[in-house]
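Chain naming follows the written order as A, B, C, D, E and F, and within any one chain the residues start at number 1.
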């Protein structure tokens, strides 16, 4: 998935520049003459998988007066000390965009790096590591892009592109079976219907009503194995709830098709990345 | 600091609702009748300091049809299992706002909780724990608010409200002394001038030129103690660089006035919080 | 699907009010005293299926000062002369919102009415009548809503929520088989993959690669019947291209699951509806 | 009237791109390599008058990476099979913009074509064919532009640029005479005052009070002829209500100066136009 | 002309609140408890004609928590010391909105007051005092409203609602006659055509071509009188250029229909108005 | 302070172009062929200090098709008749941007010129002439920029970047001392605290509590001199209230550090500047 051009993201990046610069950068504008030119680089201070270089480039295109040259590509694993991107141009612009560029790059690379760790734990199994809707408000597109750079896949984008029937919905409707049936009647033929189950009996209902995806919510490893067998290949099996780098491998062994982790995006440690002029 | 009314935040929350709901919540709208009413609660699944309840309330005011009643206040330390807020009203609206409300509340409470941990480590010293500009793009106001709820204080809001002269600026101008002098001549009389120093000699220059705040960048504990003595009370002393919960107490003992930590906002673990209907 | 609250639509309706009213309604504001109150009704001047009454209500909520009472529901078939909605309140506001309210209501009811005509022709067959992306820019959500009110279903919402591989994509990739395979590897597990085929041989490829939906592009009735048999129940079968009220019944007999018609939204005759004060 | 640059239209086109592309084109971005280049053409599949080529060009300028070369001009009558515009550049961008570009071009050309048909029916008479405010919300400027390309003229742009006193206003004020008089006193000297009349007696009042334009609402051919004679050249005479391609010629013979048709914009059949890569 | 509801103005007032309050009012929010309630009044510190009270009310409606009660109406002449509006409610909100409310009210009342002075000088003559497009960017609607409150009338709203042919246009086209003729052929029948003339001969051309309004640019009193006679009642006569309070009476005597003054809006002295809590 | 790039200003200039041009410039677009090219100049019709040339350039960059070449720099004193900037390019674009460009340039130069007059009166004293928050809504950044071009300095930007405790705050809190103390505890260490005093005794409280700036509100020359002595160099001394070009010199002699004048921005006489084609 290419990030740009994307009108929504462009407008939000513009707003983010306004958030940081506001009426003006009173340090830089008062100290650095307008015509000063500089060269600089953005480099990794620790190992990790990079995501967000096109966002850095877009930030500087919007500010103007700075040429950026990526030295790595999103999705690449880099070592501490490696240069990710070089910059050349108006010193004021380089400094004004620095913090925003790094705020994006550090967070998105943190997501990609953490995703890659989970993916590595499940290597050799036919399983997908996917994200959730537990993303930062307004930046979901970028964060889901970062998950892909780390080797993961995406769950649905929002409430609009796929049906996910959760316990609250089931209670309101009465049963898994009725809920799935009603969804399949009403939503478009291009939409998949996923349903969350907590117990064995609900799996039968889900299958009978024609669910496309069955989400096993907080089940034990044994329950997951059972469910996989019961479902056969009649639906995609997704496991969710308290999945971490540490237990991902064990879960992969149960044969589920997909594991989803909120922590990929809601509890991110930023990758340490700096911008230096030289 | 009261968060609302704030036109910028309101508009962004509206955009965040659009991000998640898009053309419509195809699960809820197809399964739950439009007139269904429910009660629910938002509750903590682990201990922590809460921040963001007014944001949750604002999300539901914008969606409409749901009454919210906070049971805790921002800044309060809560125990696992405690109810933070109750909801009553249109079931569709409760479910449509759930994810966005929790995405805000979990992240902001994560920031407040982590800030409180650092503040606790420095208790008994006349020192402030402050944030940086390493915040999530577009949500700086909320994240700096969360730092205050955790017992911290705020550093500058952006590039516009306070001068912070860093090494790149110093290189461009030639010396700490000249940079501080130039800033004080040009910026408004209501603006403080802060300068980053890396070595002892720069402290003299900073003081001579009248810096209001001196930032000690990545100094050892011993260097910090020396700097504090040298500066006397002639400027506010801020320490920055690799400060964590673990070394905060040791740094507080050096006598610096302020410590600033990027990790308070750039590497947040979300507090575990859920919404249940009942 | 409930239309409101929807932040994107609300903002666009606000812009549409600004488009018509601009700096002010110089006729009404100069002739009607600000305190004048009136009653009025919106009524159908011809038979048809109504869609858009909640949009009319939203327009007047945004203008303020007018109470609206719907007398019909969206999706209802009404007769010439019937009242759809009554209004009561500030005369200036009623007149300022009249044209925008009717522009929405007439177009959306025109879409619903035309959809209902096609649906009626296919009654008794297990087939869905669906729309396309040939909608009015910025009003797709409303127009797809109107199709549902007319008894139709929706195709995908945009380029983001479902894969539809067309001839240009197939040419670029080399074959139907390779294109479907690549899509299924890359897109999320919640996304269906649809592929357009023009000839028999492509159907085999599509099935082999696991396409969820096969779109028969501009095929003859005989080719459609053949395709339906060949596909069995292994994929959903959609027919598209030059489908009209006149041939819809014949196509339904071929056994396809879905027919999609661009004309439902790109060539709409507005339903004749008026607003009268009394 | 040149359409661009127009900040309002540009922003709306940007929003329309966001409506269709959303978080990303998951078909194209997953199947077509980012560096692929293509050539293509937009061509007419039926005869008609073209309007909207500058909008197509603007859509692609905003997307970036595609050069467009118009082969026809807006307002030209083209034959089935003729190329309207060629494209060359990034394949992904060509495909992402295709639907939006065509949605604009097909609708605007449909308006221009229908306008041209009415204009042709009135050829030889000193009469203008004009539009109304029954346009698609947010796209009035473009639709009124398309009417001009079809040989028509524009009625007022909105409620702000010209006075049109209708029956509701007349009732509120008491008489045609008083209403026109009041309007002329209050509105700017650059604004014309038009008044709708239903019967002969109102024409005298309108003339006496100095109306600039008299709109004959739903009158018979005979009533129109009478009205034209009565008015002489003391005001512009506009006929409105149930005017179609079929009766336009008869109405032109009555001597009215202007005929206005809502159907030019509220009931448009899209012109059949395609984009092909080659 | 009623100002509100007006979606464009509402959005701009919201942006203006954001401009002043930004991330928060750090004085008020840190000193005044959130629950504090106050009463206050806005009063005139000098004599003048008031304009803008509905804007003040709208500012406080948007902020929320404050009830406003106007004690005067826009267009009223008030004496020093008189109360214009009282406020009651949340102290923080009263203080946060104070500056913006007064910035609007002082400027608009300044415009109304100055307009009233010119209008007074021309009393007894059948002449209108009108504004120009020399208004503050983004606030034209409000400033033109203020001119009306001062007893003036409005010239055109922008480049879109009326034709004004100036010397640059005449040069490009070749002659006054040809320019007016071309305009009348092309623009809608609801639009008036005005042309600027500098010499006697151009008046004949303008009349011959059917200009609706003739603008006498920077003419002497004698030239104006001559022009008025020559034109008879065949067109509206507007005088412009260096008109002030001092010479307005002399110009009125020449018999021109309209005088337009840029200074009404481009060189405004704010009326002295304060907000006091009590 | 460099004005551009500034996303907020850019967006507002775009809106201001939309305000004036709206759906189109019906004079220019109907009279001037689209391909016509012209040269022109913007020149001063009276002496003054120029501010706003970069805004003029930005307006034309946004419109497109026009090259601008500044002949003066912001902050320069120019004589009547001097050329400020030349333009070359598309005639339609030059004419469409003319009024907006001049509206900005005339107002900002008016502010700079008036500021320069006050600065000149205080020459030889170590005093700063500063603005207030009495600026035009939405244009504060530009107006504060213009004050700097005239040789002045800026007071705080808004309610967010500096504390200014006024009488209403003092009343609510109880005393100057308590108010200053509370502010210093709560606001960030980068923020200065200013307090308004009306009488001698309050100065002691302010100093004791550690105020950074003391504002003498409407004091007599004698009171100011006394206050300056009392304060020594323990705080910055600002005088405000009824300061004009006429009394600025006398006030400077009292030894205050700063004088602030609302009239610099709230009561501006536009500098007379024109655009001529040639």
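Going forward, a contact is a pair of C-beta atoms (placed from the backbone, for glycine too) under 8 Å apart; a residue touches a chain by one contact, two chains touch by 3 or more.
For clarity, every value in this text was computed on a predicted model and none was experimentally measured.
The chains in contact with chain D as well as with chain F are A, E.
With rounding to the nearest 5, the Cα superposition of chain A on chain D corresponds to a rotation angle of 120 degrees. Of the two chain pairs examined here, B-F and C-E, the one linked by more C-beta pairs in contact is B-F.
Taking each chain's centre as the mean of its C-alpha atoms, chain B lies 45 Å from chain E.
Centroid to centroid, with C-alpha atoms defining each point, chain E and chain F lie 23 Å apart.
The geometric centre of chain A is 32 Å away from that of chain C, both derived from CA atoms. Rounded to a whole number, the gap between the C-alpha centres of chain A and chain E is 52 angstrom.
Annotation for chain D: residues 15, 21-24, 26, 30, 140, 157, 160-162, 164, 191 touch two or more other chains. Interchain contacts give a graph that is no line, ring or star and is not complete, per the touch definition above. Each chain pair that touches appears in this list: A-B, A-C, A-D, A-F, B-C, B-E, B-F, C-D, C-E, D-E, D-F, E-F. Contact residues of chain A toward chain D in the complex are 1-3, 5-8, 11, 140-141, 144, 157.
Of all residues in chain D, those touching chain C in their complex are 12-13, 15-16, 19-28, 30-32, 36, 91, 95-96, 99-100, 102-104, 106-107, 110, 133-140, 157-166, 168-169, 171-173, 179, 182-183, 186-187, 191, 262-263, 266-270, 277. Of all residues in chain F, those touching chain D in their complex are 14-15, 17-18, 21-24, 26, 29-30, 34, 62-64, 92-93. Residues 128, 130, 153-157, 160-162, 164, 188-192, 194, 213, 236, 238, 257-258 of chain D touch chain E in their complex.
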